[in-house]
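Paired with chain B in one complex and with chain C in the other, chain A is shared by the two complexes that follow.
Entry: the complex of A and B
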């Protein structure tokens, strides 16, 4: 029992976090930047930050993850990191030759007061940025928010520092992806194509972090939103932001800078959220939903009806990131399951309000907490007090699942011990099907395992 | 060799062994250049990996959440008992703490934690930001130690204050505070500490067993399957046996100075070095020839079964080429020998933290044409691997997918090894893993080495 020390009694803690359900901003910024074609993320801080983020992303994707670091020393921490960043920009363009460098800050560079806007401007003024190349930035202090905040900040940086409004609208729509997998982004593109809507999706990590084996190490894989696409985003008719926490800030910024109106939607996870996404996209673009998509929806509803009896009333504990948890919880409710405990380390009243609203309407007795001390220790304590049938969350849930002997479905970030998330989407109707399959497998495998011999069923 | 773009300022950290060419010293022990895609980590990382295996202590990361999140149970350092080291504790510093200081939060966190988990000791790691906001963690630790009665040890591991090696040193500094505080009257004269062995995949157990078979008492393993009480008694050992020279030589030197305990450097990888590490310890006790006899006995028994079992791997792997890029240089030496024993040659050898002497020795050991690098990056590594037509890369987590993209085999000789690679059995496992990966049927479906099927 790895977590044998977890006590049943829940006590308010002052400051201490045990087994976090979040990590820090910069890794989110690094992930977002990898969704831009030809972009090298750059970590403006100590060497370790960059190394940790690359290792974690590598473990999650089993792919090479490239990023550079300012390699702060004691000197830089006293005198400021400007010299390091200027030198880094020069080095990166001459040796690694990216189209774009996306700089994000760290707790260290933020605390010493480095101003990324000023430094990157100086780099341009000093001629350190070659013609046709770009340096963008996002401020991502690790002591505010979470990895989701960092993702949102970098996506905002991408939107505002590339998009230009030429005054002539283009017949296209922006879809701003909240933190989702490359497989999800690929699925969003497929659905839009089925609908016949031209979109600019950003960021887009498909064909970057799910790259094929080619016999070469492609430093800049073929995927990612291109600079031309990003620049044109300022002329799009409108934007759909998929996720209030991780995508909406970029949409707001784009409305400010280029007057592109936006609508915020939940990430299209599960039936209802996908319905809203398909409806919204078909409405803004003025297109009819094609039969093929209606049929996809029908297949998901069919399975939900076929198997409803096995999922009914099952109690679920879940932890993860706001924009994924919200539609996932809604989907569990649509499946007649019972979200019992929900935890997210990402702070913020917006998410708290959204989740409360959903729960008040459909499951008021659910335990829910986000922000400080909303960690996996707390989730485990709740589970000890009110046991569940299923646990859903990132790989770190496996300790709790093992100790409590609860079936476990991996969902979210990071997943360090399984594959699949890069290749099979959770979004859209097909993503919904995959989720239902996973839920059923977990629940029914357990039923089979625990069934008395006379109740051990062949047909289920 | 085709000229490759090398970072300006990097030339001195790369070297190709050629006949009749002046042999410059390799530049090492330096920080990475700003803007490089370095494979290295920071001071905090160094401290964290060294102390992490001490399983009955709590390890509290004082800083924003990331440093704790990324180091949460990522290293398979196995414990035979308590597993407190596998949990993640953080003060999760927020903006207000950065402005007003985090001492109070740290104090409360420690009190809560110690009450909850009843550990034998607590290690408190400073991260970058703590070094800037000036929290007096020494004072907090003293206060908590006094109130709780357990050792509460600050680890000065601010990420920017040097390289990973400085982190090793900060960790050793904390260990020195513990050593010398436990009873030693019952310790045998024929005793050692095993230093720099972290019990990844249970390796320390294998090594310990060999020494115990020789009649040697192992007082403490630093830090694999580590226990606070054992660390406190470490000054009672007669000899320190140091593996992973990068992380623990400093501690061995300190113990020599303070307690007069001499040390020897060993490696447990490969038949040759493994045997030598037993003989060298036996040699240290000349008044007990039975210890040397027992060492010979252990070696001959092990080799008798191991050697024939390696032959099928050797047959398949003879003539294949390997690239090595690992953390410490000492490990590289052993790997070169181990690979030779299964018929493979080394065409690229590098490390993240080797020093001048290490690289001099590496140059001596390597065949002509071998490329030697310090603190390399993925562009260089990929390029050299393709040019030298390597069939295998030995490295860590960030290198693994690069090898597979290039269509060559890979062996993790770092945190993520899943099977023991140390000891005689480890040599078998190593050969098996190399064989499995290099000879895998998957490669017949894959474009290999730059894009040909």
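Entry: the complex of A and C
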């Protein structure tokens, strides 16, 4: 047994988190900043944080993840990190020549009380930021929220520090991506194009974290939302924020700063959430949904109908991030499956309420917890008490899956031991189809493995 | 085969590496880039701060303490006191394999424990939450030991993890609780954390159990973390030759073994950087000499075994060692002979860790490959230039903050395992006791040595030297591979290994052969990119097949 010390008996904990279903803010900020073209993320703190965040993102994407650090030592921790950040900005522009440096704080610089706004302004005043180059920032203390909060904070920083309102509206719409994969962002762009709607998508990590092998390392890969696009976001007709926790704060900020109205949607994972996304986009833009998209949808529903018997009533345990868990849970319910246990380490009352509402209406007996001590240890204990047929979550779930001998589907962040997530989307109807295929494969492979010889089926 | 490849002029290379830096940075970096001469080893600037903004390989003190030294011991509950991230990232990512003897034995390695500090803990202090967490861990698991690791904010807000640990230890009575002040900002890299970990393990664990250990030739294995099963292979060999492994620091180790480790008669050190403090302290307090060995590489393994045999000076042991070497060598030879024609004459670069960039050069030379440039991520001058340089190393402000334990001989347990005369005799036989020659002595003249290599420098080096393989870590892996050059990870072994001992050498030969000769590196260009894309023309009326 890998997790041999996990007991069945659930005891409430107040101090100890075991096997967390979340991580810290800066990694989200780093990920978001990589979705801006020509941007170098910068971690304002000691080296370790930056090293850990780069390593984790690298393991998840199998791609270069470039980011710099203020390399705090004890002196900086006592006297403040201003000198380090100013020196870093100077060095970065002369050695790595980015268009943008996106600075995020860490626990350390937050605890010291470094003011990123003041320091980055000083850098500009001191002439350390070359003409036409930018330094933006986001405050990302990890003792609040989670990696999702950090992502949201950086996306908000991007929105407010670039977008300008010229007073003349442009015939375009902003889509603010919640934390999703490059493949998902690519799919959002494809769907919008299919609909004939001009969008500014940000951040956009496609063509950054799924870069091709060319024999050359592009320090700033082809992808990423450009500064010009970001600036124009202030003149867009409206914004769609995909995810209440990871994307909405940026939409709110943009409404405040540039008066761009917004609507918040679930991330388009699964049938119903994708329906809402397509409806919303077609409505705000006043376009008809093309037949090709209707056909895509039809293909997904077709498979759901044809294979419904295999998924019906299957009990699922899930862990992950709120903006993904909500539509995923809804999709499982649409597939007539049974979400049995759900945890997310990311706090959020609105998420709690929304998930409760969804579950109360369609699956009131589901165990659900988010925030402090809503960890994988608890999830595992729940599974020991009320077993499930399937586990869905990031790579760390494989330890539980193996111990409990439960089929396992990798979904979320981080996925350290498989590829695919950066290339094949989970969003949209095609993403839905991929999810159904994965669910069916997991369940049906298990049936094939466990079936008695006389019950072994050829056709399924 | 490219046997006589022209090696670029290193002086010029150095100029190119620092050209783009601002003047002050260039001046600083130039002292860390030196041209080797094994006869008169030049001074390398090492263990100094990384310039802010430079993309470095380095991590932090916490990573060195919790991640490297304490992480591999399976039956300690390691609670990370801080916000969630630090504990999350160190969760199972170092591949420290461990093998509990029974299904019932404790193994907490697959678990991640954190106090998940919140804003109120930062504002009002987190000690209370820490003590609750320790209590909960105790109630849930009843472990033999609980260790507490401080992350960056903890030192600043003034939480006293040591006092909290002491209080809980007294309260429990049957559980050893101790803390580490290994905040990430201490020192300049992981190295500070190694030192802090050594101090803590020595103070709180070593010497707690005086039961005499059994066995005739008893030693501890220091600085071996069982990544990819390295320690398993060394254990296999020790068992075969009849050496008793009392404790390992800390791959595949247990609390009980470490607590009893002072009953061994020799410490052998693999990773000098991370654990040399322990060797020195055990020598002073208990009279156990230490000896630098290297089990990376088949020849180095044989050599190290012979050194151990010589130390114990027992003819029977020496004979068994020779027998085992004779038994193991032919298998290794057969493989290397098959592979050598495909690897001979190729070049390698190694920029990693605090000892691996040295040790793995042995394996490359067994493969007939030349190391054209190498450097450590967080080593000190002695790891480059040898321990003779120790008295000359200036202690700067960053190192001064790390406690040097004042160790004296234990009034009861001090027992010098060898007399002065015996040590002298061993020295005469070429056995270096309590010494380490460092990396540069082994590297060729005019090879390049770079400490704390930056991303920028690594791209430049690759451009200039075009090595056949580059060795570093996960952050560098895909950058280098995007340049069309295979990168071997020497922290995680690309999830392979073991690479120690005889079996490990074979694994490494095969992996390197596979990597440098993989057809994928020739498939990078699409046919139309080389043939001229879209130049027009008619379809050739032929049927193309393979």
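Criterion: the second predicted complex is superposed on the first by the 460 of 460 C-alpha atoms of A that agree within 3 Å, B and C clash if a C-alpha of one lies under 4 Å from a C-alpha of the other, contacts with A are read in each partner's own complex, and residues count from 1 in each chain.
Heads up, the rule we're going with is that a contact is a pair of C-beta atoms (placed from the backbone, for glycine too) under 8 Å apart; a residue touches a chain by one contact, two chains touch by 3 or more.
Keep in mind that what you see is a predicted model, and the values were worked out from it rather than measured.
Visitor: Record, for the superposition on chain A, whether partners chain B and chain C clash or fit.
Guide: The answer is clash.
Visitor: First (chain B), second (chain C), both or neither: which does A:357 touch?
Guide: So A:357 meets neither chain B nor chain C here.
Visitor: First (chain B), second (chain C), both or neither: which does A:349 touch?
Guide: The answer is neither, since A:349 touches no partner chain.
Visitor: Given the touch rule stated above, what does A:294 touch, chain B (first), chain C (second), both, or neither?
Guide: After superposition on chain A, A:294 lies in contact with neither partner.
Visitor: By the touch definition at the top of the document, which applies to A:117: first (chain B), second (chain C), both, or neither?
Guide: Touch partners of A:117: none, neither chain B nor chain C.
Visitor: One more residue to check, A:216. First (chain B), second (chain C), both or neither?
Guide: both
Visitor: Touching A:171 in the superposition: chain B (first), chain C (second), both, neither?
Guide: neither
Visitor: Shared contact residues on chain A, chain B side and chain C side combined as an intersection?
Guide: 2-3, 5, 7, 13-20, 22-27, 42, 45-49, 51-56, 58-59, 62-74, 76-77, 84-85, 87-92, 94-96, 106-108, 111-112, 141-144, 146, 211, 213-218, 345, 372, 396, 399
Visitor: Chain A touches which residues of chain B in the complex?
Guide: It comes out as residues 5-8, 31-45, 63-72, 74, 83-84, 86-95, 97-98, 104-106, 108-109, 112-113, 116-117, 127-129, 131-133, 159-163, 378-379, 382, 397-398, 400-402, 404-407, 446-453.
Visitor: In the complex formed with chain C, which residues of chain A make contact?
Guide: Going by the criterion above, the answer is residues 1-5, 7, 11, 13-20, 22-27, 42, 45-49, 51-56, 58-59, 62-77, 84-85, 87-92, 94-96, 106-108, 110-112, 141-144, 146-147, 211, 213-218, 345, 372-373, 377, 396, 399.
Visitor: Which residues of chain A touch chain B in the complex?
Guide: 2-3, 5, 7, 13-20, 22-27, 40, 42, 45-56, 58-59, 62-74, 76-77, 84-85, 87-92, 94-96, 106-108, 111-112, 141-144, 146, 211, 213-219, 345, 372, 396, 399
Visitor: So in the complex, the part of chain C that touches chain A is made up of which residues?
Guide: Residues 20-22, 25, 49-63, 79, 82-93, 103, 106-108, 110-119, 121-122, 129-137, 139-141, 151-153, 155-157, 183-189, 397-398, 401, 455-456, 459, 473-475, 477-484, 524-525.
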